[in-house]
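One chain, subunit A, links the two complexes that follow: it is found with subunit B in the first and with subunit C in the second.
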Partner chain A sequence: MNKEDNKDIIIGQNITFSYKDRIILDNQSFSFKKGEHIGIIGESGSGKSTFLKLLAGLLSPSSGTLSVDSESDPTKIMKKISMVMQDAMIMPLTIRENIALGKEIKKERMDEIIKATRLDLWTDSLPEGIDTYLGERADELSGGQAQRIAIARAIAKDADIILLDEPTSSLDKDTIKDVMEALETLIDRKSVIHVTHQTDLLKGYHRILKIGGGRIYE
Partner chain B sequence: MNKEVIKMLKVCGVWKMFLIMLILRFPFDILNSVIKANLMQCFIHMIRQNQKENLWFNVVLFFTLSALLFGYNMSIWSTIAVKTTVLLQTKLRKKIYEKILDLSPREMSEESKGDWFTALNNDVDNACAYLTSPLNYMHMVIALVNLVLSSIIMIFLNVELYVIGICCLLPFFFLNVMVISRKITFFKERAKKSLVKYTDWIEVSLKEKSLLSVYDAKEFVYEKIEKQSLNILKENMKAHNRMCICNALYAFSGMLGYLLLLFRGSDIIEEDKTDLAGLTKMTQYRSETVRSVNCIYSSVNNMNASIVGVRRINEIIGGENNG
Partner chain C sequence: MKVFKRLIKKNSILAVLTVILTFLSIISQFVWTIYVGKIIDSIAQREGLSVRLLLTMGVILLISVAFIYSSNLISRFTAEKMAHTLRMDFIKNLLSSDGASDEKGAFEAMSKVQNELSQSSEYMSNTLFDIFSMTISGVLALIFLLFENAFLTLIIMIPMIIVCIAGRFLGQKINPLVNASMNKKIVFNKTVYSLITGFDVVNVFDAKEFFKNRFEKELNEWAEVETKKERVSAVCNSLSGILSQTPLLVLFAAGAILIWKGMLSLGGLIIFLNMTGTLLITLMNLPSWAVSMKSFMIHLSRCDV
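Moving on, here comes the complex of A and B:
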């Protein structure tokens, strides 16, 4: 972590948060520093994924304040983060459109993203390359291909904060290795909050926190 | 009957019930035509001969016969029709659902979720509409029988007036069926494809709400939904416009035939070959032929639109035959 960047980028103060009649956080305070890589673990159903949605501004706390990169307005928070979930969102579009999602991305930048996520190993074999229409066949993509598209989308957004929600949990061992390589490009020099059951994926992370019983603790 | 429809009815095992429904509907239209034509002739006769007491008797008789006929149609036949429709809908949905459950994940992924939703809802509705809704297959067959029987009666009454009437109808009928309405199926197929894509995008917008917010892509997805929605509207409008042209041509041909019939009819009355009551009876039967041809026009158009659903259902449940 760079010392110059040693400031808190996410600050939660006295946050109480329930979801579907279950208390996820009960008057908890926490802070994550810029460039810090945080692993979040916990039992199934402890609210790890819901916690990520809270950080992303998709859900609001019942009480307390949450600030993400000095913003507390959920719409502005969303602009500061990228998210990769367990199930990659693949739409009936071309690979390029699935990455750009309607935004203008220059060819050089797109080529960089495709190489960084190693999507080129696959797209180079396709007659229409990254302009291949996934359409109704989107479900036929392998988990690794779909997840690499999701990571490419996150890289394209170039947000400072990356939220990862078990992005490799549905993949086999060989594919996990490939996807982790792509993830490393995404999280390099970014603030990362990574929810996972697979603690071995959190090697080298600055802190590992646990969620459970309404608390978040080291 | 269309091969695709027979196949679907056999697979669902409801073709006997459908046949009974069809046979039970036949007497209604032709009896209605005969009652109307004969009573109109009687009324004119009685008015001309000043037989007011008989006129009242005939009014009551006409009312009673019509009430019995419509009572039969609205109670007995309608009950059977509703039961057959519900049974057909249930069986079709069950067959499609069973087929979906039998598919391997790979086969399942060959179609989008929008395809399956459209098959279970819109396609089933289309197939049932083809068979049982007004102005579809059922009415076309009944109208055809009515047309043939009305034509036989007209030929028996006066061949010349029949030829005048039919010559004004048939060219327009063939123009409509062979040229104008032909593309309706094509437009409806394109509308159906857009409906599948529309359903897919709706699913994306609901399922991926969180990620769409994070990537600021809600507007992008709404544009896709709007585009498909407009495509559905555009293709349906094209089909609708064709139907409007067909209806306009039908109205024109009907009016032309009526005028020619009256011109020639007045000559025939002058020649003492018939009287006003006879001409009225003739125009009643002619109205029935026009109504039947119009019903066939509209039914063919609607069937062209609905057959898309039947084809898609057969593609899904095809291969089975337990009829």
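Moving on, here comes the complex of A and C:
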């Protein structure tokens, strides 16, 4: 983290937030600095993923204020963040379309993304390369391939804030290693909030916070 | 076929009873048709209707109704008993094999319960004996007509065969369009499913407009194929509608000539009209029945764990 980037990029003030009759945050305040890598841990069902959705603007707090890169409007917050979820959400589209999701991406940039996520090892073997339609084959993708596409999608968005929701939880050890390498490219010089129960993946992170009992604490 | 034979064997009395009652109900209907022909002949020859003829017809009508009722009842009961046997055999096989010992085996077994068993049972209850009954009707009608007037039967068989071939040909024209329409529908259903399950991704990656356009494109493509299918289908149905009248026209033409020459009575023509309809239905439906029987046999064979 650069010293000049020492400003708070995410600020939550007196946030109370319930989800499905469960209190996730009870009047909690927190702040994350630009370029900071934060790990979020907690028991199963403690609300880690829900907290991430709150930060992404997908859910709204019951009370309190949330500001992400000086924005508090959820629609604008969403534009500031990129997210990789536990489920890669591969759509019935081509690999290229799954990455771009309707955005214009230049060929050179797409090639960079494909290489960075090591998707080229797979797509080069396909007759239609990254223009292979995944409609019928989406279910046949390995967990690693699907997550690489999700990571490529996040890299393509090029947002300053990256939210990771257990992106490797359903993968085996070897695939986790490969996917983590792809993630390194994504999170380099970005602000990262990584929810996981695999604490070994959070080595080198600036802070590790815990969620539970309506609190978020170090 | 192995499973089907086993089901028949285990319910042999009911199966034999169903066959006998089906035969009897069809024959009683044929006898009824013959007597209708006799009444028409009597009217045409300006003869009075005898009390004996009317009483006989009343008895035939009652017998016919009794046979139709009992054959329907027994065939449904047999179908249910066979479906019951199928389910019980499945459970017995499952418990005696190690198929359910691992998770994959259990999943496959569950899949069979949900798909093959229900499809097979449904087919037995709703379709099997109806097809059996209509096939027997067609065969008996053909035999009866050949005995009644072989020349007229062979004359009307020619357009019937042409109608069957045309039906098959026209069906082949529609099949690819039906498949294309279904595939397009699957694609846009998948897009909707993706939108629902991946709504967060769509929001975060600001892809609402992209998916809206995508969905519209897929919907339009489906509508285009569906319209083409309906257009071809309408043409095919009109052609097949006209073609299906051909045997009737041939029957009228040939029948009229035979009546003028005194080789056929008006009652005989009425019998032909009635029986030809039965035969035509059987002939036209035979290909689709054969396909449905084939898929039924496949479902049955997959019920063996």
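The criterion applied here is as follows: the second predicted complex is superposed on the first by the 218 of 218 C-alpha atoms of A that agree within 3 Å, B and C clash if a C-alpha of one lies under 4 Å from a C-alpha of the other, contacts with A are read in each partner's own complex, and residues count from 1 in each chain.
The rule is short, and it goes like this: a contact is a pair of C-beta atoms (placed from the backbone, for glycine too) under 8 Å apart; a residue touches a chain by one contact, two chains touch by 3 or more.
These numbers come from a predicted model, not from an experiment.
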> Do subunit B and subunit C fit side by side on subunit A after the overlay, or clash?
Replying inline: clash
>> If we overlay the two complexes on their shared chain A, which of subunit B and subunit C does A:Gly45 touch? Say first, second, both or neither.
In response: neither
>> Pick the subunit B stretch that clashes with subunit C in the superposition, from 4-12, 58-66 or 256-264.
In response: 4-12
> Which subunit A residues contact subunit B in one complex and subunit C in the other?
Replying inline: 53, 56, 58, 78-79, 81-83, 85, 89, 91-92, 101-102, 135, 153, 157
> So in the complex, which bits of subunit A are touching subunit B?
Replying inline: 53, 56, 58, 78-79, 81-83, 85, 89, 91-92, 101-102, 135-140, 153, 157
> Can you name the residues of subunit B that touch subunit A in the complex?
Replying inline: 106, 108-112, 115, 197, 200-201, 204, 208, 210-217, 219-221, 223
> Where on subunit A does subunit C make contact in their complex?
Replying inline: 53, 56-58, 78-79, 81-83, 85, 87, 89, 91-93, 101-103, 135, 153, 157
>> For a test of understanding, state which residues of subunit C touch subunit A in their complex under the given definition.
In response: 187, 190-191, 194, 197-198, 200-207, 209-211, 213-214
